[in-house]
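When the chains are written out, they are named A, B, C and D in that same order, and each has its own residue count from 1.
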């Protein structure tokens, strides 16, 4: 059983050694990075039960801040992640406190977070002196890692990025797993399942909602910075509502009840357009239908339907 | 590691031609759906017709071999991620050597660093405004821009602004333009241009997708400018022109993108309507048999009416360029030697629907029309020989 | 300057009704079926294209074309309700996601049918009224009148007729309403269809003002949702007022501030209101 | 005095759910609160447990005021309430329900040491004494044989007991029970009474509201009666039940119903 659980990871780890198609590996890379975003989003959505529409904003903010730090202060990618985290935390606290202090639930929470992410996008879009507005920013340098033996290596080229993003994904999953198996995870579950009861059991729902929102946004921001440095170009549409919706679609398709579910969703939705040879419009229609059918026919998503629905809390 | 990969690719490419028999693959990366699809959609209309015609005619002969064309045109939906995956597939899996598009600047800027690695191994012929700034820079010999440029002595924008000032004596121009890449770049080009010619300007941006412009139009009109310079997709232009005239904020317009359609629709409320048109099809169809044939072909091929107001967009990375490319291949005597083929493309002047040639930087120069519509829809077309 | 301001306030009000009618659809659907139908924008698009087609190709006069267009949209609404939304009752997230899936289906369908090139219907009513230097396009005034009338009638119907009260009762307390003999399923379907019809009607009138694109729905549903929340979910009058406020905020906002931020002004307003009154301006306090 | 409620008032818009209610609970007491439906019993519990703040009046817990505090603060302070119609984590098993309820105890016992759980190399945390406690509570509430069933699959009586069990996991000093006996069968009620006795044995103070007169009469040792938000009687259960206003306001209806 344990072996089976690790099998897919091992398979992914050795894939580039057997498969040399840049095209397919690229799909994997995007799936990994978007998977990071989706997994982190699922922390606040699937596990804490809060439908946040701020996720794309966190993703985009991460991308911008990291790049700006690198380009303006000439620090390394890794150092630049610190301001990224700091700023994401700050923003998450502002948005989160407003939403949760005023006890905005479900739909209202979704709309207000959407409003904030839209504001973030408009600011990024029009703050030309810093973000270069709609023209976006070209990210020309790549992160450098130090590998024992190989020395410092610039992450460039498909294989390098494959492993880089793969490790990033594993990190994200690990963080989520650790948080969820701890008492924090139990509090998240309590909030998701029954807020009133959670309160009477002495759980500070405000604090834990905020915590969940913050962790998710940080991870999303990191995913964003990886994405930016891979694709080499940042534009305001990173923060668009459409981006949030894509992430939500991934989570639902893959399954919101498990940590790895969203990854599966990310793979399907990223790979699908390139697997099926259809006219553009028909493909979009198919995409829509898949989304609809998943929700109607297997509300627990792919993974949720495969795995038995019980979850250890 | 990277270098190794590049080598692998290089070898792969060195190998492909030997067994790529009598088919030449050409690719096109355009947004065929999605909010920014208008340009991409139109330019993905002409290509299939051209390919179809060439193949129906039994292909084309280069050296002693006859080749047919195979068109690969995925839909980027304007999403850079999609586009970069699709381009990788084209260049590495399908071994495409001639890529038309993209038209969207954000897509181009995203794929540029990757495409650069294949410099000298393929040609990218796109209309994106931002391709301009990369032309003639190191490692960008693969780039050609299939749309003429506004600025510079030969730039159509320059010619048009001169014309505008000559005909109307405009002293102050209000610019109302879409807040996206194209819009930004246009603003960056024209603001200094007007300034240089001693014309005052007011500038306002609007979110793409805006439908009601009354507020911003009123705001601009309050500054008492002589003429409105709105941009740049017809989707917005129809609304802007209508609302500008109905609310009588503006009655004179100056367009360097977009079509005559909006003007004609409101012809009775308009005093002057200058528009840059790569070709004024309504008129050309009557005089030029080639155009008439194209319109007929289009209708036959798609079984739908010919989109006169959008048709000028077809000039970009489509119909003519396929024939032009084939010509260049014949001249070069090769379907794989992109450097040679590029040289031929730069050298030739192709006389199709448009009279197309490239300047030394690989940017297109086409003859174009300036249509000046006056009250009641009186139309004066001036064809401008770009060279 | 004063005149400019007044002109834009009026214009904002007119534009606002278009938000209002979508908001009304959102409010009703949410109140009765517990989901937010994000596809309402698409139904607006469908209505608009139907009207455009009937007028420009069917050769019908606009006034006549309205009816079949709205009916057609409502029919589509009924179809989607029976095929999809019936299964997502009272499940906010699923409903949301299904409607999002529906959006891409409908939008792509529209692209197949009508292509991405913008369509502009032949003008119904041109020219504009001049009052004190402020010129108001005739068509806009007409649209405003019609939409305001429809919204107010809906409000009246909801507060006067039995069906309306049943709907209200249901929105307040489903179980009780069911005990009172409200036919849940029928009521819910009815409301979903009616709200799509509203969207379709909005679309038809939209077609007489602006150009049509398959992607047009997205913008308006967002405004609609904002307006609905602003006015208070569940309140028909609120949705109208919310729409108006939104329209005016945007119009006036883009005079005095950069118009590139136009969409932000409404949003800020919404957030502010929500924090000040979580149930919206007209919403019932909980 | 453990809890001192003095002149507590709560209004909802127009209607006054509680007006000027005062009473005390001493440690170890079992206080019963009578009252017909809509007499403000549940409101009283909700105000004490912090679900919503009082309009006026004070609540002193061990001498310091807690009125208007957040529910989780009050729970942490040692006042826990159960719900009239049980609130559960429906799609978790009985055991998991109770496990979540161990939040407060965990916090109290480990404090900042909980953060050790976040160290990646630490395996999933185990707390023997807590799981022992869980077993104990499950046995106490007669739920040990259904511990692995989903909460959703329980009978109404079991749901109520699970509610109590979760409250007990918090180890409250004062446990507020909102109509624990309503909707229970005879043997279930007897079972409940035993549980309550065990609780008292564990020195837990109880405050029970119910309109099952006989039941309250058996378990409570002091009682107050509410009518339309006003305290109309206080004393031993018998005294209260014999109080003319109570009979008129309350028993009358009961007999009428029977």
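In this text, contacts are C-beta pairs under 8 Å (C-beta built on N, C-alpha and C of every residue); 3 or more make two chains touch, one makes a residue touch a chain.
Quick caveat: nothing in here was measured; it's all calculated off a predicted structure.
Central chain by Cα centroid: A, whose mean Cα position is closest to the mean of all protein Cα atoms.
Each chain's centre was taken as the mean of its CA atoms, and the one lying most distant from chain B is D.
The centroid of the Cα atoms in chain C and the matching centroid in chain D are 48 Å apart.
Averaging C-alpha coordinates per chain places the centre of chain A 32 Å away from that of chain C. Mean C-alpha positions place chain B and chain D at a centre distance of 74 Å.
We define each chain's centre as the mean of its Cα atoms; on that basis chain A and chain D are separated by 42 Å. Contact of a single residue of chain D with at least two other chains is seen at no position. Touching of two or more other chains is recorded for residues 125-126, 280-281, 284 of chain A. Those residues of chain B in touch with two or more other chains are numbered 32-33, 179, 205. An unclassified topology is adopted by the chain contact network, corresponding to no line, ring, star or complete arrangement. The list of touching chain pairs reads A-B, A-C, A-D, B-C. Listed in rising order, the residues of chain A touching chain B in the complex are 20-23, 26-27, 30, 125-126, 133-136, 138, 140, 153-154, 156-160, 231-233, 235, 237, 273-274, 280-281, 283-284.
Touching chain C in their complex are the following residues of chain A: 51, 98, 102-104, 106-108, 110-112, 115-116, 118-119, 122, 125-126, 241, 245, 248-249, 252, 280-282, 284-285, 287-292, 295-296, 299.
Contact residues on chain A toward chain D in their complex (touch as defined above): 174, 178-179, 181-184, 186-187, 189-190, 193-194, 196-205, 310, 312-313.
Touching chain B in their complex are the following residues of chain C: 1, 4, 7-8, 11-12, 15, 108, 111, 115-118, 120, 123, 126-128, 135, 137, 209-211, 213, 215-216, 218-219, 250-252, 254-255, 258-260, 262-263.
Chain B meets chain C in the complex at residues 32-35, 37-38, 41-42, 179, 204-207, 209-212, 214-216, 218-219, 222, 233-235, 238-239, 243, 246-248, 261, 265, 304, 307, 309-310.
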